[in-house]
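The next block holds one structure in the form of structure tokens; read it before the comments.
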């Protein structure tokens, strides 16, 4: 008999099996779109345009993925993957660096304007780029940063979430550590490098996972400022692969691209599951 | 090695003065314990010596040089913190050598000094461990080691034993004292535990509400407390304090008349240590025993006097309070009686 | 909460905080200020000059039936997305919480879709419901239902809602599951001894304990539906048919970039700013204990 025991409230027999059935059905429903996309990326175009399409993978895997990666529709997907990688890593690293520095300043110093700057950063906490797209676009255009990595990255670094996470963490670091470092002769930046930074390793890693996915999944911003296909990111590039008008889309290649677009963030999330959940719960609370 | 001189040191947080003028000259190599209840300002005073708090007023000299404005690292001090403040991501050796690394000493020299300190503290087997892999006593030793390798002229201890269990505390107390005697480094040691103060100090500073109540050797403070506070704070169980009336024929408390060693007149406070009382059928003190606590070597008797005042006596050996109906009669030698002014609470005579 | 220890000096901290302040100023405060400023002007048709019109842009917007319709669309859309993302997540979390050993396996399987970008999710769902090749659309056709989200407004809305909610189920599941795991076992056991059966325990004991996290997720999901679903809508419907899926953020984009009506787009940005402010205040109710200064 199958039993799983939690304290003294145990489930057995039918109830347990029904629970498993419910979970499995849930997982299958959640997974179905991804499965279908994968199947579509392994069959040929004629198999798709004559519905219903097959539900098991075909033999065109290598052909479709090679076509997508090295020729694509407007631009090889490999190029878009590279752009996405640069953008996601740039956003994550940039946010982490400026946030670490500003959180360090706010927590460990008393300086004129500290309150003012605190609130200044705080106000940016919630405001997504979507709300201020037109003027932000004009700023970037004015700097000549259209179709550039810096144009993709910098406007998305201006958010306060990471600063707050680090601030919360620094506040939990015992006061005595900073005092001991002072007695040991460490000046502020030395304390930052030798003590605070190594102690923040887990938080930095957790935040990196969250910010990497945030950056990777950006859509509207790259759509606006990358008019040159060679600067497209993969997430926004997929839509560009659909033909305008009545032409039939090249579904196998598009679906292969979709799968490729999912792989990096999914790998990051699954492989760093613990850090990811911790980062998620910390950064949202 | 150095002397430490505090000259009317004061500290204010905004309008509130928390240290109200402390002056003491600490001799080279002396072990000074600053003792007092929590919130009395003892830790703040120590942190001012360390340079972690600014000094509002007064002068602090270490080795004869004024150091008020110096950074902690430039004061030639080392500090042992209450929570040890070990860097969690560094090994024991790295923790101990961090200060030397910042000073820019060559690596072999750091390693040699760390090794030397580790041998002194029996830490050689743990040098590669992280602090979280150590027991409380070992962490305490690492914190000590970190202070030692710097070869400072002054050690500062901020309640270093308060996180240890009772048995370890006794052991570490001895170790710290032995180590300090061996190294001969001037030390300031803050604690709220009067037993630590009594057993470790060359001299102790009893503090209360930002003021010094008394400075003296442990036995001085015990035998001749200068204030009501010092009298009650030092000694266990704490001293009985009674409000009495001084007259020519003695000190009157309700119907009881005790000797008047100082010859004061008028209302005063009288302090009697429980352990100085002895059973005496003709003694002047009559106490109704309510509770007895046999501790083996002695027995604590808690009860009330005729006027309802709580009273405690500590008598040698085992005392069974079988006949509780009869009041127990006690006497005390006049030299063990402490008289304090009722208003200033300072010692009289 | 304040640190007891602080380092001296003011130049160093100002240098440390400067990068963030600079980036916030250039890419956040300046554009936001520009939005407010532009919302007070109407540019001439050639974009050569613009005329100060005060609040006319706002008056016009609030009187504009399309804008009002967009408000209603946004309200319907975000309500549906929030419900569709939270209810299945809660159900799955409750189920997973009943399991001990295998709960983590299911969690790993369910995390996946969170990592999928909204725009990619849009493509996946579009593929399934595509009128020509979509496998689900085809089976619906076999059942006699003629699916066509390109023409049918209700179907278009349904599709963007499902595609938007899909990845969010993972997110909500993670939070609900964590909250359920944090419910003290002793409370459940006490209720069990009192004779409460599973669903009764759930509704009388567990659900009230989950109310703070539910409130938090409610706000977060509404924010998501408002601002982060642009990719889904752009890939699946492009706001159509007949603007049936044009939510406010989409309209800022289409009026500003497609329609080149900068004054109106700016005024819409300002209105969105106010909405975000409101949602932030709501969120604060939840986090105020944490982010006090």
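Which chain is which? They are A, B and C, in the order written, and residues in each are numbered from 1.
The criterion applied here is as follows: a contact is a pair of C-beta atoms (placed from the backbone, for glycine too) under 8 Å apart; a residue touches a chain by one contact, two chains touch by 3 or more.
What you see is a predicted model, and the numbers here were worked out from it, not measured in a lab.
K.L.:
Identify the chains in contact with chain B as well as chain C, in label order.
P.N.:
Shared contacts of chain B and chain C: A.
K.L.:
Let me check something: if the centre of a chain is the mean of its CA atoms, which chain is farthest from chain B?
P.N.:
That would be chain C.
K.L.:
Measuring from the mean of all protein Cα atoms shown, which chain centre lies nearest?
P.N.:
Most central by this criterion: A.
K.L.:
Measure off the straight-line distance from the CA centroid of chain B to the CA centroid of chain C, and report it in whole Å.
P.N.:
Distance between chain centres: 61 Å.
K.L.:
Please work out the Cα centroid separation of chain A and chain C, and write it as a whole number of Å.
P.N.:
Taking the mean C-alpha position of each chain, the two centres sit 16 Å apart.
K.L.:
When the centre of a chain is set as the mean of its C-alpha atoms, what distance in Å lies between chain A and chain B?
P.N.:
So the centroids are 57 Å from each other.
K.L.:
Out of chain C, which residues touch more than one other chain, so two or more?
P.N.:
Residues 5.
K.L.:
Two or more other chains touching the same residue: where does that happen in chain A?
P.N.:
179, 182
K.L.:
Would you pick out the residues of chain B that each touch at least 2 other chains?
P.N.:
Chain B, residues with two or more chain partners: 52.
K.L.:
Within their complex, state which residues of chain C touch chain A.
P.N.:
Residue positions touching the partner: 1, 3-7, 9-10, 12-14, 16-17, 19-21, 23-24, 26-35, 38, 88, 91-92, 95-96, 98-102, 106, 108-121, 123-125, 127-128, 132-135, 137-139, 166, 169-171, 174-175, 178, 185-186, 188-189, 192, 198, 216, 220, 223, 227-228, 230-231, 234-235, 249, 252-253, 256-257, 262, 265-266, 269, 272-273, 276, 279-280, 283, 287, 290-291, 293.
K.L.:
Mind listing the chain A positions that touch chain B in their complex?
P.N.:
Touching chain B from chain A are residues 174, 176-177, 179-186, 190, 194-195, 198-199, 201.
K.L.:
Can you check the complex and tell me which residues of chain B touch chain A?
P.N.:
Touch residues, chain B against chain A: 50-52, 71-73, 77-79, 81-89, 98-99, 102-103, 146, 150.
K.L.:
For a test of understanding, state which residues of chain A touch chain C in their complex under the given definition.
P.N.:
These residues of chain A touch chain C: 4-9, 11, 15-16, 19-20, 22-23, 26-27, 30-31, 33-34, 36-37, 40, 48-49, 51-53, 55, 97-99, 101-102, 104-115, 117-118, 120-122, 124-128, 130-139, 154-155, 157-158, 160, 163-164, 168, 170-171, 175, 178-179, 182, 187-189, 191, 213, 216-217, 219-220, 223-224, 235-236, 238-239, 248, 251, 254-255, 258, 261-262, 265-266, 268-270, 273, 276-277, 280-281, 284-285.
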